[in-house]
Amino acid sequence: MPLTVLSIAFLAVYAIPILAPGLPSSVRQACEVANIVIWAVFGLEYVIRLGLSGNRPAFVRTHWFDLLVLVLPLLRPLRALRLITALKVLNRRTQALTRGRLAVYVAATTVLITVVGALAALDAERAAPDSSINTYPEALWWAIVTITTVGYGDYSPVTVEGRLVALTMMIGGIGLIGFVTGSLASWIVERIAADESADDNETTVTRSDLAGLRDEILQLRTELAALRSTSADAQAPPDRE
Amino acid sequence: MPLTVLSIAFLAVYAIPILAPGLPSSVRQACEVANIVIWAVFGLEYVIRLGLSGNRPAFVRTHWFDLLVLVLPLLRPLRALRLITALKVLNRRTQALTRGRLAVYVAATTVLITVVGALAALDAERAAPDSSINTYPEALWWAIVTITTVGYGDYSPVTVEGRLVALTMMIGGIGLIGFVTGSLASWIVERIAADESADDNETTVTRSDLAGLRDEILQLRTELAALRSTSADAQAPPDRE
Amino acid sequence: MPLTVLSIAFLAVYAIPILAPGLPSSVRQACEVANIVIWAVFGLEYVIRLGLSGNRPAFVRTHWFDLLVLVLPLLRPLRALRLITALKVLNRRTQALTRGRLAVYVAATTVLITVVGALAALDAERAAPDSSINTYPEALWWAIVTITTVGYGDYSPVTVEGRLVALTMMIGGIGLIGFVTGSLASWIVERIAADESADDNETTVTRSDLAGLRDEILQLRTELAALRSTSADAQAPPDRE
Amino acid sequence: MPLTVLSIAFLAVYAIPILAPGLPSSVRQACEVANIVIWAVFGLEYVIRLGLSGNRPAFVRTHWFDLLVLVLPLLRPLRALRLITALKVLNRRTQALTRGRLAVYVAATTVLITVVGALAALDAERAAPDSSINTYPEALWWAIVTITTVGYGDYSPVTVEGRLVALTMMIGGIGLIGFVTGSLASWIVERIAADESADDNETTVTRSDLAGLRDEILQLRTELAALRSTSADAQAPPDRE
């Protein structure tokens, strides 16, 4: 929970200098300092969790994404990737996964990647002389056109950092399309299967069918037990004779 | 039914001033008035349904799309979204969902989004000085290139409202691809499974298999009953002795 | 079979005047005449099949694609669509549908749509003054960029007929992506299910499991029959006594 | 294993003259010679394997991709396709296919196609006067934009060879999207099915259910055996009487 607050604070101090480039230099520096401090806190948190974990190599292996996000920010516009770890918290809670929850989670990730990616691209591109992405609305429009893989080409990044951001967004876009498609496919399969099951019901075996069978076997045993006792009675008289 | 007629009337008074910009100002104003009147009727219908519903917060929650469509038209080009609610009526009737009906429904929605989206984009873009979308054929071509996610970039919106329309169409396009893919995937899985079932039939359990088992258990009980009666006969003589 | 030959002849007389615009006018006219004659033969064939069919409205309904292809060629560049009916013949033969056969069929359709679509687009675009598609290699490159939905925008059609061809190809492209995805999805599901079945085997019920159960019940009956006969023997001596 | 080393050596002698066009002509010629020698080794290896195989036509049919890769390099920029055969080795080892291993394999293939495709496109395009792809970073950016099917159009190939490379990458891109989608679809289906099985558990038949049934039948047999022996005891005394 405190880490989520910290993530939002990180987004604020990251976004403010990008969105308001005319800020006095002291405010810009304060944001930069806050940015580095929050980064250090996340680094410390990672080191503490690493120290507390019993099996350290296993911890590094299963938390590789946390480490990547921690190291990547050396490239400044990629620092925004930290926000995605906040969404990972959501992921952990989805024990009973329904299609609706998955959709909300994917939609939230997509919006976050688009909004933050536009920030990062603007940060990287604004300084380039031949760049077409110079304002946040333009960056956001470019981000939407990219993540949906439409790619008009009216705006496109020209710097290495801007293109790394674009690569992240294109991968996100393919994942988004994949999720939407996969979700619809599973829904279609389910709906059509449900409609067909009205006819199919006669030929599938359920536990209640087996329960019926078991009941009959139990009756068989009861009858057998009755037979045994009468048989025993029948034997007893000859013994007494 | 009257609401469907009203939706078509809405499309007409929405489309006419866009498609025929040279109309006398009195006709344009009549269309604008009719547009607002129809909007008010839809608003009234929503309020009445809200009033009639027992659980009002639940009604707002389950009918969020109706409310969104009611509020969004404040942005004029987005008023066309109202038409999509007419398609929701279709959706309610699809109790027995087959792949064919789904395909017709998806195709109809796609055509409607494309035609109406082109109208809305033309309305938003025509006034902009540096816009490339100035006639309805151009808008329709742009809409097709966008919804299929091809995105040549020969035409692209430059206004905020035009880009919001584009965003709606890109989301529609991803949904369209997702549906086509999901539908084909479920069809492929089904066809291949059907062809394999000729060989597979030997290893699946059906109720008729269980019925065979139950028959044998019943015969067992019959024999046991017969055994019991002969055993009872066998006992009787010693009693009489 | 003669219709397939006729389809190939149709492609030839359709393609030759487009690919070799410098032909003497007499050759061009001969091709045009042959084109119309073949069109008439297909029309005649449709009318004969319609006449022979018992239920004519049903025939029109189930053969709507044949009728569409017959009527559409009035728009000259769309005449090429006839070739797709030749592929429908292939479709009829796929009784036992395997993933491999489907892939071959889809690949063949995609190549045909691309090659013929490039012809049709070149035919439509060459005459337009501001068109970028002026040679067959350019048209083919444009067709590839369109059907894969990449859409660079270095070449794009500007005429209504060229854009109708593009629409057909975009729909084909979405279908292509849908097929590839659906095919891979069904393959992945199958492969992973097959690998899991090694562990899963313990918990699924097959007919051989039921056969084992039935064997035990049969043994039970055999023993019961044996018991009955010994019980009958046991009764017999007292009777003789 | 030696073939994998040879493939990497092939990539090196292929890439060096492309990435460093300012090399002295002697080094360029050495690379070209090494390239041809490695090509000859691969050709020899194919011929030897063909000679050793019992059924030669079947060998050609099942190893068509190896032959294609061997013949295609006559078009120089396509020689890079040889590297994909190295990945086929990976494919052979995936006996127990899990979704994770498939993802690693697909990701590796995608990165290889992108990196090598950018090399091949740069090789083909650099010489063309009106080409926009003149440096390796530009070629790599173009390759990423193409394989994700975004297609901005800021860079696009103009030569026939460059466009053949683009075609290969677009097919790769569609395959990539298809794999991601199919993988997510199978994952979603599985996760949702797993969550539903908590409720569903009551109605599915497993082998443990059958085992319960079998236990009861075994008890039945045991009791029957006991009945038989007591019945035999009962008979014995009268015999002795």
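The chains carry the letters A, B, C and D, assigned in the order they are written, with residues numbered from 1 in each.
Methods note: contacts are C-beta pairs under 8 Å (C-beta built on N, C-alpha and C of every residue); 3 or more make two chains touch, one makes a residue touch a chain.
The structure displayed is predicted, hence computed values, not measured ones.
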Angle of rotation relating chain C to chain D [CA atoms, steps of 5 degrees]: 90
Longest centre-to-centre distance from chain D, chain (CA-based): B
Same or different contact residues where chain C meets its copy chain A, judged by the half mark: same
Whole-Å separation of chain centres (CA-atom averages), chain A against chain B: 25
Centroid distance [mean C-alpha coordinates] between chain D and chain B, Å: 36
Per-residue overlap in chain C, given as positions that touch at least 2 other chains: 149-153, 177, 181-183, 185-186, 189, 205, 209-210, 213, 217, 220, 224, 227, 231, 234, 238
Of all residues in chain A, those that touch chain B in their complex: 137, 141, 144-145, 148-154, 176-177, 180-189, 191-192, 195, 202-205, 209-210, 212-213, 216-217, 219-220, 223-224, 226-227, 230-231, 233-234, 237-238
Contact footprint of chain D on chain A as seen in their complex: 96-99, 102, 146, 149-153, 156, 160, 163, 166-167, 170-171, 173-175, 177-179, 181-183, 185-186, 189, 205-210, 213-214, 217-218, 220-221, 224-225, 227-228, 231-232, 234-235, 238-239
List of chain A residues in touch with chain C within their complex: 149-153, 181-182, 185, 205
